[in-house]
Amino acid sequence: MKTWLHRQTFNPDITVAVFFGVVAIFFYGSILWTGYMSLTRSTLIPSYEVIGFDQYVKLFTNYRWLVSCLNMVIFGVLFIVGTLSFGTILAILADRRIQAESLFRTIFLYPLAVSLIVTGLSWRWVLDPVNGLQGLMRNAGWESFTFDWLTNPDRAIYTLVIASIWHSSGLVMVIVLAGLRGVDNDLWKAIRMEGIPLWRAYLQVIFPGMRPVIASCVVLLMSEVIRGYDLVIAMTKGGPGIATEMPAKFAVDFYFARVNLGLASAASIVMLLLSLLMLLPYFYSEFRKRT
Amino acid sequence: MNLRRFTSTISVLGLLAGSNTALAQTVDVQHYWTSSSESKAMNTVADAFKSKGGKWIDSPSADFDAALAAVTSRIAGGEPPSAILMTPNSALRELAGSGQLRDFDDLAAEGGWQKVMSPLVWSKLNVGDHLVALPVGIHAQNWVWYSKPLLEELKIEEPKTFEELFSAADKIKASGRIGIAIGGEPWQEVGILFSSILALGGPDYWNELIVKRSPQALKSPVLPQAFDIFRKVSTYADPASPGRSWNDTTNLVVTGKAGFQFMGDWARGEFLAAGKVAGKDFGCFLTPGEKPSYAILIDVFAFPVNKDEDRIKGQTLLAQSVMDPAVEEQIAEVKGSVPSRTDVDTSKLDVCAQLGAKTLATPGAAVQAAYDALAGDLNGQVTDLATQFWTDKSMTTEAAVESFSKILQSE
Amino acid sequence: MSSVSIRQIRKSFAGLTVLDSVDMEIAPGEFVVILGSSGCGKSTLLNVIAGLDDCDSGQILINDVDVSSLEPSQRGLAMVFQSYALFPAMTVRRNLSFGMEIAGTPKAKIAEKVAWAARLLQIEALLDRKPSQLSGGQRQRVAIGRALVRSSSICLFDEPLSNLDAKLRAETRVELKQLHATLKSTMIYVTHDQIEAMTMADRVAIMHKGRVEQFAEPQTVYEKPASLFVAGFIGSPAMNFLKGHLERTRRFKTHDVCLDASSYGFATEPTAPEAILGIRCEDVNVVERGTPDSMPATLAFTELLGADALGWFDCLGQRFSVKLTVDAARTMQKDVGFRFNMSKASFFSAATERRL
Amino acid sequence: MSHGIQVKRPVFGPRVARIGLYAFLIVSAAFFLLPLLLIISNSLKPLEEIRQGNLLALPVRPTFDAWITAWKSACTGLECGGVRPGLWNSIKIAVPSVAISTLVGALNGYALAQWKSRRANLIMLLVTIGLFIPYQAMLYPTVKILSSMGLFRTYAGIVLVHVIYGLPYTTLLFRNFYVGVPDEISRAARMEGASFLRTFWSVILPISTNILVVVAILQFTGIWNDYLLGLIFAGNDNLPMTVQLTNIVNNARGSVSPNVNMAAAVITAIPTLVVYFLSGRYFVRGIAAGAVKG
């Protein structure tokens, strides 16, 4: 016993075990409980009588849920691609020895400090067709100026994309900037010696070398997509109609206002499976890299 | 070691030092009334309660979802609030059904409360023959508000039918103003649909359709007509409509930028807050139909079962304060609602409140609003359908009616 | 001064055998170099001795006491790492004193020790700097200093010179050897550089695929390599090899040529005739073509190395390296003959690749 | 990388391109600043100006009335005391929650980085999934666990909830950082006889300042902006500022004053904004140090 204790003096196992215990209890406990609830007819208060997979059947025959999932895919792809591209462009520009770099950097970064609720509200105000940008342009004499995406069911989802890009590109910029600063100077010398055009250098030499950095960005952004709730609530409340409904909002609505714990739990479980599916490529590459 | 117990013991000890009574009558009230008019209404109750020696702990949360989340969490965590502001919907029925709510049958018998309430209201407050909710005030959903100066300017009479309403709206539109102000949020939209159904079908049809959900009612021609009217109303939506809050929308009527608005009588509070006078600056009528109808929404307090003696006493005291006719009258005055007790003096209320009180007292006029009548999920599904029909102009009335029937028959 | 015994150490990782029954007896005060190419298991062995890595089976004994279950710090060892592993946030002084602090050594004693080590390694001026402010060589010294102040009787080195430039490396090599002479502690030193091994070691352990191929004095390893691998690994250029048959009459036959191996001292009797002859470049004599008992050889090219030269010849269908004087290299004919100094040659079994 | 040496990068050649670059940066900066300026400018308008004019118009008669109302007299329930009462609670919740979740995350991250095996990858996968659980789904079980510990609706409870909900995130960031720290440093400390905790505290933590700053900032924004957890777990005496903000901004059936809403939003956001403006530089440096490297 004594020697066992001695051997533990330099041992991360205990820390890992305690930590994982906590994660298991709170996170996986919750997943299990949610999984259980999804098999019941629980409404407001948990009921523990299992009825099978009815809630899942209901979920996938629910038009709003299907629209929500589709919206999440559209939003997710545009948001991730947009944020990555915009953030990367800003990082490249910031990396080109510009004046007042830290000022620009601070400006690009501060939205991260703003909560998604406030982000949503302020963009809602900016994009309001009457009182916002469109109204301002029309008042200024440009009568035909139209920018009514917020209230146009076919376009409203793009306004969410704009606001979320605004919120997150700063983070991507900083991460990519850090990656760019880490690029070996000899690589730049080689690029100049070979006379490779700048855009090709970035696209074909620099960024492929930064794959892990970009992969972490994508994972971070993806978790925002899946959990995306606050922004939608503050900006469009899912409307016009159900044009900007999202799975997380669906789940929250059914947890509380719609008093349908069972269906909300089923939705949560499906969301979790979806995120696992999206994470798979990332972890596949992680596993391959490390072993 | 129960830390919470420990700290509350400490604080109780602290209180004892300052007060004479050995047991404070305490209530912890979870509510969502945080705007200035709502705050005034809540303060009316609180003042009455405090004047009787109670101690009020305020737990406000304006976000309705969050408030409900907090309530269920607190019940689950064994620290229920003493009173919850809510409406008599499926959540209330479920809480009561699972034995989480205290009943007030004894107090009701003592105070003869059943006699001073309309049967419909009384039935909404009872679950399984027990009185589990106490009313703070009554609202109706099926109101229409209009700008009096605007109608006078265009020489329009108060409409008596939907046809008159639409032609009036057209005139207003032609004059460059907004005919019907609409806030494009699902709950506002579905309110218009329900108001149309109630107006066209009348209270009896409403009870068949929404409360009993009978298959015959679903085949009635009223339903497609109501959807047509609903679609017609949607054509008046101005570009800024989608996502606009109801009070921003009411403001359009207040400032004369728009003619009409379909909205419950909480809108009256908005007119009053802007210093407007009912009958002079703004007018009101219930959605026009052959029979008068009144879709009631009741604000109630429900009282989760508590174990602490001082909390139980606090609940009793709060119940008495809420049911005090004077308090009811005051709430109606500041918040735009109608008193739930029929023995309250309504003569001091304005014309709109009086119209409401009068219709409520008309036998057979009052029905429960869909929000309370339909289980949470059904109401939600109809809301989803309504907002889909509202935005998607290619959806036919037949398709909408069919989906509507499917939803109502699904449970 | 402590002895170290390594007994039957085995370790495998993810199905790969990293250490395969390693045995070693290290005498007190000995300077042992563990030599091998990367991936041979030498660093793992060092980490197992230190207690930083666990092994699957086997024992480590220090002064005949089994320490296998002890924490590294309790084994009475010091270690110098390849990357030096100085604690980045601490000054040099703190780096030196940190271990003693943990052990609860009195302050005065710590100061004394630090001063002693700093003087010995001439890093007194650097004591208040952070590692990031030091050059590679200076960091190296601090790392050694940190090992010294532990005043342990055994010191482990994990390729400590590999990050230094050639000149500094040569200097430090000499200093380390002197340090060993002064301190007389047991040192176990891992490297892939055979010059370090040859110059510093009392004994060298050559490792290959998780096994110790040979554990002997440097000169023995050079002259009498225990296996084909050692023969090929030690020495530059590598030993020349010829495949052939060893007959009972102690004659080695290859390509119609017979070589007399009677002067070779066989350690074991060959069990099969197939054998490999190994001969170092300095043991090949170049003679005129046609000299009796010589094999015909053809000059390919020569390399001048300053003090001496190497000639590369083709003989019996194989490339041979031969040590020459510079003059000989300059005047070398194209067609010559070879004669081997068979008393210095090595024979290996073709089957087991062990020395015969 | 070294900060002292100016890294030489190829530069856009022609002057025109250089001008285009700055034009793009300035337009982007305007895009980023627009919402903030909009909120501030509207919070300085009197109510009539907001009702009549365009949100993007500048205030004609700027006034701090809305700020004062939002700070101390807007109704948030029975009381009309603005967001002021929540300020101290928010600080009281955020500071220990950030400190603990960051330090414990660092410890866990370091411990996990010491594990280099398939098992470690599996644990990382399981922890990462924690980032994807909608936390509304966790409310009920968490309530049950906390109430069984007697911590539901207490100060200690809300801090614990923030710490636990933040742990997967902080652990992940620290682990990514520590994987890049050479193993030999830990081994050297172990040779010196330092225990795992001692090594973490004396050797590893002092070299983690940059990443500590990054994680602390991210946690601080998250916890400061939290609303739902505070409402449910903090208990009446500890409600954070965001609860009052929501009660001001989000009222369902009462009159609305957008200028007060915006002022309240800005006031509540000031601490996080200040943190970003002051420590943005460390933030960038910390990320460069490897916070988010694969």
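First chain written, first letter: the chains are A, B, C and D, and each begins at residue 1.
Everything below uses one rule, namely that a residue touches a chain if its C-beta (ideal position, glycine included) is under 8 Å from a C-beta of that chain, and two chains touch if they have at least 3 such contacts.
This one's a predicted model, so the numbers in the text were calculated from it and none came from an experiment.
Between which chains do we find the greatest number of C-beta pairs in contact?
A-D
Sort the other chains by how far their Cα centres are from that of chain B and give me the top one.
Farthest from chain B by mean C-alpha position: C.
Return the distance between the CA-based centres of chain B and chain D, expressed in whole Å.
Comparing mean C-alpha positions, chain D is 38 Å from chain B.
Centre to centre, by mean C-alpha position, how many angstrom separate chain A and chain D?
Measuring from centre to centre gives 15 Å for this pair.
Indicate the whole-number Å distance between the mean C-alpha point of chain B and the mean C-alpha point of chain C.
For chain B versus chain C, the centre distance works out to 89 Å.
For chain C and chain D, let me know how many angstrom lie between their CA-based centres, rounded off.
Result: the chain centres lie 55 Å from each other.
Which positions in chain B are in touch with at least two other chains?
Residue numbers touching two or more other chains: 64, 66, 69, 72.
On chain A, where are the residues touching two or more other chains?
Answer for chain A, listing residues that touch two or more other chains: 9-10, 128, 131, 252, 255, 291.
Which residues belonging to chain C are in contact with no fewer than two other chains?
Each of 71-72, 74 in chain C touches at least two other chains.
Can you name the residues of chain D that touch chain A in the complex?
Chain D reaches chain A through residues 1, 6-12, 21-22, 24-25, 28-29, 31-36, 38-39, 42, 54-57, 104, 107-108, 110-112, 114-116, 118, 121, 123-138, 140-142, 145, 164-165, 167-168, 171, 176, 190, 194-196, 199, 218, 221, 225, 227, 242, 249, 261, 265, 268-269, 272-273, 275-277, 280-281, 283-284, 287-289, 292-294.
Would you mind writing out the residues of chain B in touch with chain D in their complex?
1-5, 7, 28, 31-39, 42-43, 46, 56-64, 66, 69-70, 72-74, 76-79, 245-248, 251, 255, 266, 269-270, 273-274
Can you name the residues of chain D that touch chain B in the complex?
Chain D residues touching chain B: 51, 75-80, 136, 139-140, 143-144, 146-147, 150-154, 156, 227-228, 231-232, 236, 243, 246-256.
Contact residues on chain A for chain D in the complex?
For this pair, the touching residues of chain A are 9-13, 15-16, 19-20, 22-23, 25-31, 33-34, 46, 89-90, 93, 95-99, 102, 104-119, 121-123, 125-126, 128, 131-133, 135-136, 139, 166, 170, 174-175, 177-179, 181-182, 185, 188, 191-192, 198, 211-213, 215-217, 219-220, 222-223, 226-227, 229, 248, 251-252, 255, 264-265, 268, 271-272, 275-276, 279, 283, 286-287, 289-291.
What residues on chain B touch chain A, complex-wise?
Contact set of chain B toward chain A: 64-66, 68-69, 72, 75, 89-91, 94-95, 98, 100, 184-186, 238-243, 375-377, 380, 384, 387-388, 390-392.
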